[in-house]
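Here come two complexes built around chain A, the first alongside chain B, the second alongside chain C.
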Partner chain A sequence: MSGYASQIAAILIVNIVAAYSAYMPLACGQLNLGIAGFMAIGAYTSAVLSNHGFALEVSILCGACASTIAGFAVSLPVLRARGIYLTIATLAFSEVVAAVLLNLHVVGAASGFVVADHMSVVPMFVTMLIVLAVVGWLSSTRFGLCMTAVRNDGRGAAVFGVKVRRVEVAALTIGAGFAGVAGALYAHHFNYLEAQHFNVLLSTYALLYALLGGLQTPFGPLIGAVVFTLVPEILRSTDQWRYVGFGICIILLMLLRPEGLLTKRLIHELRFRRRPA
Partner chain B sequence: MLAQQVVNGLLLGGIYALVALAFSLTIGILNFLNFSIPALFMLGGVVSCAMLAKGYSIAVSIAIALVVTGAVSLVIERFTFRWLKNVDSHIPLVSSLGFLILFENLVVIYFGSDAVGYPSPFGGASIRLAGVLVSLPQLASFAISLLLIVGCYFVVTRTKLGRGLRSIAESPDISGMLGVDVGRTVSGMYLISGLLAGMGGALFGISYLQVSWDMGSEVALKGISAMVLGGMGNIWGALLGALIIAIVEVLTISYVSSEAVNVIVYGVLLGLILVMPNGLLGDRAVLIERM
Partner chain C sequence: MMPLLFLHGVSLTFGGLSVIDNLDIQVRKGSRCGLIGPNGAGKTTIFNLLSGVYRVTAGQILLDDEPIDDVPLDRRIHLGIGRTFQNLRLMKQLTVLQNIMLGQHHLVGPWTRILAPLATPWNRCWREEAIDVADTLGLREDIHRLAQGLPYGVQKRIEVARALVGRPRLLLLDEPAAGLNSNERNELATVLATSLPSETTVLIVEHDTDFVRSLCDHAVALNFGQKIAEGDPASVCRHPLVIEAYLGKDEPTYHDLPTPAASHEPAFRRNDNAA
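Up next, the complex of A and B:
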């Protein structure tokens, strides 16, 4: 694989995992704008560990654990706040994490942090497959059904005995864990971390991938991340105009397909057409 | 020294208050975090800057900038509210993010990605009041901000439009049934918040003599913090929160370090949401209903 192609593949893999970290809370109706913060926690934890001589797998796992714990710690009090309050609280959390890292001289502060260990695209791809498998498995369980129920009608789900708060906390925590994985993958492929990279824009893009792909099926974020990472790359020759096009795409897509690109209905129609052939 | 910093903070707070109020209006009435407000703020600054550079007078430049931001805000209303009724509440937020990305990059194309000096006719004129150096453009901006906020208060509490807005905040469906023209009223609200944000951008240019394509994001985050601190949907809360946030920011820069600003400002915001989500002047009953 050429250098350019492998770089794109690495970015794509990180984006896909990040999209799933946005998908988990979204799947039960919570908008988490703090994904960059959780990614930063995963990235810096794993980078510090691998720089101290731990194996790559162990450090990535520990990075994911750290962000999962952070996610749990944040979601317990934060989910008392719902809707717009949760969105702002997670946004504030993410900014605090980035600001603290920017002032922490142990991890390079503003001058950045060099990660010694390198991870190539293939093991990254395998990690992404594991994340996909976990999401696929979760959505086939009772927990996945509960998430959909809470998203569609929280009060109704509560009436039928779903522990709404528990589901929400679990979804946000698992999502935070995925964000940690995405951050750790990013750290070990690009070998250099900057606190400024983990900003609101990064969280926003992760959210956009998940929402544009569609929340109805667990494959939506995958489609969203692939389409909206690769399309700007294909349009690279048009330089700045590609972001303008990206903005227009988002607006039109929300207008024409508010449920995202991949909906249950679309899957159903595709199957239906294939059968007579 | 302390008095000087507090004055600087107060003057900065006027601009934050305009942005906080623009956010607060859309949240208070439609329960929607409008992410296109940073874009409108930036357009206000950049368009008035471009018009000044073309040789128009300051009043004409700001008027043109306000026409542009008002018109853009009405376009955004179509794509985030009018054509998207009865959908999942995340959709308008995503559309408004789309507008933010769209306008920021359009401005990068036409103005470049570097900060541009704002050719203000007033420059950095200043006077000394009781030992405190006060920049005249900043003082004028602060006065204009205060006037706009007071004006906004009267529009919301004393006019037909304001009555419509308050009823929509209770329930859009029922106010529609009772004869409120929901579409026009919400358009009016978008127009007001667009003008507030655009004016904020132009005043920012006049006060700090610099505009850039990404000037909106940082100010918007401070505006959101100010809104939460003051209490969402409360006009005086937006002003109070903005003044506090700005003073804290300026004092942190001068007494701690400029890197510590974000830790403190966003730390306070996070703590507030967790401990007292209704803010200083917020309405507890509204809060419970929304959560």
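Up next, the complex of A and C:
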């Protein structure tokens, strides 16, 4: 694999995992703009531990655990807010994390932080598969059912005994854990961290991948991340016009498939077309 | 027989507006009780009080002699209160089977909820039970279809199936026949009459008095949040206050009015009692 292809593959893997960190709360109807903050926590925790001699796998796992704990701690107060207020609260959290890291000299502050251990694309791909398996498994259980029910009609779901707040907290926490994994993968592949990288644009892109891919199936964010990571690369030859092309793609998609690229109805239709009654 | 449900002096106000006013209702165990009354009488509000959507302003609700007023919305189903909704509240992005299985949520253990995928043997008994209920309500062919876009009558039956699969002690059916054509209505009445377990107490809100008469052994009529009649469904439907609540008071006809010559008053005047 060429250097360019491996870099694109690494970015794609990080984007896919980040898309799933956005997908989990979105599956419950929560718009989380704090993904960059959770990614930063995972990235810096993993980087610091690996620089102190911990094994790569242990460092990544600890990074994921740190962002999961942060996700749980943040979700309790933040999920008291609803709608746009929740989004603003998560965005504020992300900005606080970035500001703290920017001023924390132990991790290089504004100069950035060099990460010793390198991770190649293959183990990154395996990690991504594990994340996909966890999401697929969770979605196929009653927990997945509850997430969709909470998104469709939270109050209606509560009538059937679903603890809406618990489901929301769990989804945001698991999503934060995935963001930590994405951050740790990024840290160990590119071997250099900058607090400025973990900005609101990173969270926005993660949300975009999940939303445009579709929230109705666990494969939506995968499709969204693949398409919207590769489209700008394919359009790279058009120089600055690629941003215009990318924007047009998003607008067209929102017009033609407002529920995302992959919907349950599409899968249902494909299945019935294959097996005519 | 002991009442399963006892609403004792229940009132509900929204600000200055009294929606339910000092209401007393008793529903015997295993009975089928119809709740009738015109629009705005407070029928669905009572269901919302029973299922925990609203809290009573005054009075008490007792289920099997236990007060339930402080039990939160998501715990009411654990007491055995299952319900359907007047305005359909199906999860549109779930299949029919998944919607029905949502009704079992409170019966399933926490580890099975989190760890066991729905299609695996760990959930087989729950899945088979949901399919059986779907079968009883004539939904077998549709179980793998998305709830979104299915005919209204089918969606109504999914709601009933979802409530039934939770094995409720008290089943609240909110206008189950509304919006159905006469064939669908008769079909639903037959299905409910045959498929509801005899030990399940049923409270039905319905405008269709024939539907209530065919299913219920007891009826309560409400108007403006107050009880106006109670008894067997046929006599309640014939009660003058119930007829008046649905149809209004008789207007005096032209011949009932005094002639101008006799009374020296205008023949036509505004009737202040007219609704």
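One rule holds in what follows: the second predicted complex is superposed on the first by the 271 of 277 C-alpha atoms of A that agree within 3 Å, B and C clash if a C-alpha of one lies under 4 Å from a C-alpha of the other, contacts with A are read in each partner's own complex, and residues count from 1 in each chain.
Here is the rule we go by: a residue touches a chain if its C-beta (ideal position, glycine included) is under 8 Å from a C-beta of that chain, and two chains touch if they have at least 3 such contacts.
Here the structure is a predicted model, which is why all the values come from computation and not from measurement.
Asks: Kindly say whether there is room for both chain B and chain C on chain A in the superposition, answering fit or clash.
Replies: Aligned through their shared chain, the two binders fit side by side on chain A.
Asks: Scan A:Y4 for contacts with chain B and chain C and give back first, second, both or neither.
Replies: Neither partner.
Asks: Answer with first, second, both or neither: which of chain B and chain C does A:V164 touch in the superposed model?
Replies: Touch status of A:V164: second partner only.
Asks: If you stack the two complexes on chain A, which partner ends up touching A:L255: first (chain B), second (chain C), both, or neither?
Replies: First partner only, chain B.
Asks: Thinking of the overlay built on chain A, is A:C146 touched by chain B (first), by chain C (second), by both, or by neither?
Replies: second
Asks: A:T204 contacts which: chain B (first), chain C (second), both, neither?
Replies: In the superposed model, A:T204 contacts chain B only, not chain C.
Asks: Tell me which partner A:K264 touches in the superposition: chain B (first), chain C (second), both or neither.
Replies: second
Asks: Touch check for A:E95: first (chain B), second (chain C), both, or neither?
Replies: A:E95 sits against chain B, while chain C stays out of touch.
Asks: Quick one: is A:Y243 in contact with chain B, with chain C, with both, or with neither? Answer first, second, both or neither.
Replies: first
Asks: By residue count, is chain A touched more by chain B or by chain C?
Replies: B
Asks: Aligned on chain A, what is the least Cα gap between chain B and chain C? Give it in whole Å.
Replies: 13
Asks: Quick check on the complex: what are the chain A residues that touch chain B?
Replies: 26, 31, 77-78, 80-85, 87-89, 91-93, 95-96, 98-100, 102-103, 109-110, 200, 204, 207-208, 211-212, 240-241, 243-244, 246-251, 254-255, 258-259
Asks: Help me check something: in the complex, which residues belonging to chain B touch chain A?
Replies: Touch residues, chain B against chain A: 27, 31-33, 79, 83-84, 87-91, 93-95, 97-106, 108-109, 217, 221, 224-225, 228, 232, 259-263, 266-267, 269-270, 273-274, 277, 290-291.
Asks: With touch defined as at the start, can you tell me which chain C residues reach chain A in the complex?
Replies: Residue list for chain C touching chain A: 51-53, 73-78, 83, 85, 89, 91-94, 98, 101-103, 105-106, 108, 112-119, 123, 145-146, 148, 162, 166.
Asks: Which residues, counting only chain A, touch chain C once they are in their complex?
Replies: 137, 140-143, 145-146, 148-149, 151-153, 155-164, 216, 264-265, 268
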